[in-house]
Amino acid sequence: MEHTYRLVISCPDRVGIVAKVSNFLTNYNGWITEASHHADSQAGWFFMRHEIRASSMPFGLEQFRMAFEPIAREFDMHWQVTDSAQPKRVVLMCSRESHCLFDLLHRWHSRELNVEVVAVVSNHDDLRRMVDWHDIPFHHVPVNRDNREEAFAEVGRLFDAYQADVIVLARYMQILPPEVCERYSGRVINIHHSFLPSFAGARPYHQAYSRGVKLIGATCHYVTQDLDEGPIIEQDVIRINHSDSIEDMVRLGKDVEKNVLARGLRAHVEDRVIIHENKTVVFG
Amino acid sequence: MEHTYRLVISCPDRVGIVAKVSNFLTNYNGWITEASHHADSQAGWFFMRHEIRASSMPFGLEQFRMAFEPIAREFDMHWQVTDSAQPKRVVLMCSRESHCLFDLLHRWHSRELNVEVVAVVSNHDDLRRMVDWHDIPFHHVPVNRDNREEAFAEVGRLFDAYQADVIVLARYMQILPPEVCERYSGRVINIHHSFLPSFAGARPYHQAYSRGVKLIGATCHYVTQDLDEGPIIEQDVIRINHSDSIEDMVRLGKDVEKNVLARGLRAHVEDRVIIHENKTVVFG
Amino acid sequence: MEHTYRLVISCPDRVGIVAKVSNFLTNYNGWITEASHHADSQAGWFFMRHEIRASSMPFGLEQFRMAFEPIAREFDMHWQVTDSAQPKRVVLMCSRESHCLFDLLHRWHSRELNVEVVAVVSNHDDLRRMVDWHDIPFHHVPVNRDNREEAFAEVGRLFDAYQADVIVLARYMQILPPEVCERYSGRVINIHHSFLPSFAGARPYHQAYSRGVKLIGATCHYVTQDLDEGPIIEQDVIRINHSDSIEDMVRLGKDVEKNVLARGLRAHVEDRVIIHENKTVVFG
Amino acid sequence: MEHTYRLVISCPDRVGIVAKVSNFLTNYNGWITEASHHADSQAGWFFMRHEIRASSMPFGLEQFRMAFEPIAREFDMHWQVTDSAQPKRVVLMCSRESHCLFDLLHRWHSRELNVEVVAVVSNHDDLRRMVDWHDIPFHHVPVNRDNREEAFAEVGRLFDAYQADVIVLARYMQILPPEVCERYSGRVINIHHSFLPSFAGARPYHQAYSRGVKLIGATCHYVTQDLDEGPIIEQDVIRINHSDSIEDMVRLGKDVEKNVLARGLRAHVEDRVIIHENKTVVFG
């Protein structure tokens, strides 16, 4: 696959944005392979994403940025341009449950997911062997009531040392401290094992069981300081019935969790997600 | 279709229930066309439903009841036996939104739904013409802040006068008073336009929009005195994305609401639903 | 809702199309509310749809066409521009099954579907009363082995007399003659009660039952001379299991058929569907 | 989890089967944890499955069989009783695609799937390393046009040597010879990457792409001598649209394939599937 530039923009809506951007691309002979737009009339905001064949344009990422800057300024854009040839650096965090971690590792291993998994960090040592097999550094950083501060200082150092672009909580089961949420805002992705906002907090399958719902779900969202309240990227559900015990729900839920997390992460690393206030635009 | 007896049982779980009941049926030569069981090991409760060809048994409903009574007593059963040839008497309640009402009327009209729709009661007069066309009595009982008490007294009189077996709130939009909920406990079915427990209360699509969920849903449940907290019969969802406005969600949600309500009602009138505490067993 | 112009384009792919079109719109101050693009790299074809606030532009549909014509010629475009304020004229065709007809009539009646239903044509008289209630002309044109030619001549005259933009086979159960397919190419929409290409032809639920599939479906497609082979607009499925008889499948399938047909028709009348060879691009 | 006996029965339908079986269980004090029945009125056939707590009964599997034999004879039953404490011996077959193999290995490794994976057999060597990591014997048996006979003789010897109860074609991509299908009838499970009967045979995603379907699927079925025609155990689909290339379909389809195969295999190894003619009863 030829590599592409991904130009992602959000800005106040007004006439002429599309023309300006597409003229820019045409002037530099850019071959658009994918283009997505969304005008949120309620918020008065405009969202836009283009993929352009890198080889069709006369310059690299830096020059692209310099050339586009004046347009961005004119329209007050939040924007970025990335190169699909530079996969994002991902740190995976896990605890004892293996299904999300193994699933992401396999997608990476089989080149389905175009990222660089630079490290795995876990508060338990259980899953080390599988990570070793993939030749990925595994860091065991135990967390308990007494060492939270230093533990998360260590976690933060690891993020920095590995120059993480994205952090994925693959059923990590610990709450990140506010300063980490803040510092990596928009770059920490969590999978919650319920269809949020139902059953936020602990033990969502137990909550679902006792409420007697007929579908259970999972939610992939950005982590913010408000637990389970961050912008939602992706959700899905699976049907259950009265004969399903909590153990059945846990088992059935795993498949939903894995797939929802993988889809959400994929959207993020392909720069398809734009956060606006507490919601997301996800260009399919 | 030949008519059937439906024997529906719930009781504390112990050895020998199935044998006792199936011996009873075999002794009377009962031809079982459908049998469903569920043992809730957590609650220690057993649930069971049989459909038996009426013509295979030597007696009618009354004699069936008398013959079965000793077994029911021995096992402390909550139980009932009904005859599929006696369709339940249904009162539909609606307001201004037509989609659920029309859908149920059409299912009734085309004989898909085996009930007797004995009346429609509405707090607005808008949908009268369609009800008239079906030759079903339409009662306009306006409800406002000042007349709630007498209005619901009138509604209650109508339920009694029509000898309603089931009351369906087909987007009725009014909260029934506690005494009506109490009196018709387990017989009033509501459709709520969200995936409960998410977005209980008013304007669920607005709530869903502002939370930025990626699926919207509907919930069919029994009405209790706790608003939107009653036992859930059926739920379903539909995918949305960032481009869907609240109006789009309202439109897309209608199809889910209709189908979920129709499936829930169907399960109820076929005596497939057993309420136990605040949950349901629904035999498919 | 303010009305919009819908500019729908397909053409050979090359650099500069988007820029040209968006410049055109910007030059005339067009406020884009929705924009969709698709580049089919395999076919080398480009597809595009814009909705533009009519009030933001200085002219009506005719002038729009004249102004845009040179661009269309330059890029060899198949294209059209329509005005959402001019709802399409729809002729519904049905037989004896009521579910799809009633569903579409209700969507029209409740203004969910922005079309003008100008007539209903049926080979049976069964559904006349409901159509009358809606004050829509009902034409009974019986079709049998001996009168097919004159019957479809009459049907064709009706299409012409009513100036039908779209013809919907709402479970019509008759095969249109080739010349009608030809003449109304891309404007006749059918609902087939299976997940095509499985179970084409007659009695698809019987075929599905005997094959033992675990999901049944429905397909909304354009009618061509090749029976059940036309471009697919929309499909969906519903889960069944071993306990579902053919009658159950027929009943369950109805809900899928109704929804799939309604979604397919909606996409068509909003000019969201572009046919290319034997496939469709459907802009969501 | 306490272990259970699973008594699985199919026989011609008549009055008294349930009573006879449940009396048998009650007489031996059997505590039923799950009971499922199905009467196929069209085929005149009855299906039944019970799970009984092993500890509640006074005997082991052999004595159970002897005690039950007279009833089985009386009703002409096909039947078996198994013990959940004796997991089935599974041979996995794969080729180069890793997703189904890894998924099943992970479910086994994390004890989600209660089987004994005794060997992996592949016509390519690519996936050996991952199998080694799980400490499972890996057998590379290359197959080409010239060696098919001896290759499958070797495969057959491996099945025998490992005393395989079940053989899973986890995207094996080779057609088993008729004598293997025959010999292991009802015990070889395949995943086909389409929603059968659509797109049987080779390259189903290419077929789906060129037909322009709006959903793609996967089918888990028993292997018979008629390619892709065996009894279906489980199916599922995922939505696609015009923007999905064949590569996208392959990627999206993998998740469906994995889940459908895992669910089908799980049903089989829990003795939930009964084959009758070319269809299955699957007790949920």
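When the chains are written out, they are named A, B, C and D in that same order, and each has its own residue count from 1.
Note that in this section contacts are C-beta pairs under 8 Å (C-beta built on N, C-alpha and C of every residue); 3 or more make two chains touch, one makes a residue touch a chain.
From a predicted model like this one, the values you see are computed outputs, not experimental measurements.
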Chains contacting each of chain A and chain B, listed by label: C, D
Centroid comparison with chain D (C-alpha atoms), farthest chain: C
Contact-richer chain pair [B-C vs B-D]: B-D
Mind checking the centre-to-centre distance between chain B and chain D? Centres are C-alpha means, answer in whole Å. 37
Where chain C touches two or more other chains at once, the residues are 34, 41, 241, 243, 284
Quick one: which bits of chain B touch chain D in the complex? Just the residue numbers, please. 15-16, 18-20, 22-23, 25-26, 29-37, 39, 41, 56, 239
Using the touch definition up top, name the residues of chain D that touch chain A in the complex. 34, 98-99, 102-103, 106, 109-110, 112, 130, 133, 241, 243, 251, 254-255, 259, 262, 284
Hey, which residues of chain A end up touching chain B in the complex? 38, 40-42, 47, 195-199, 211-215, 217, 231-237, 241-243, 245, 278-282, 284
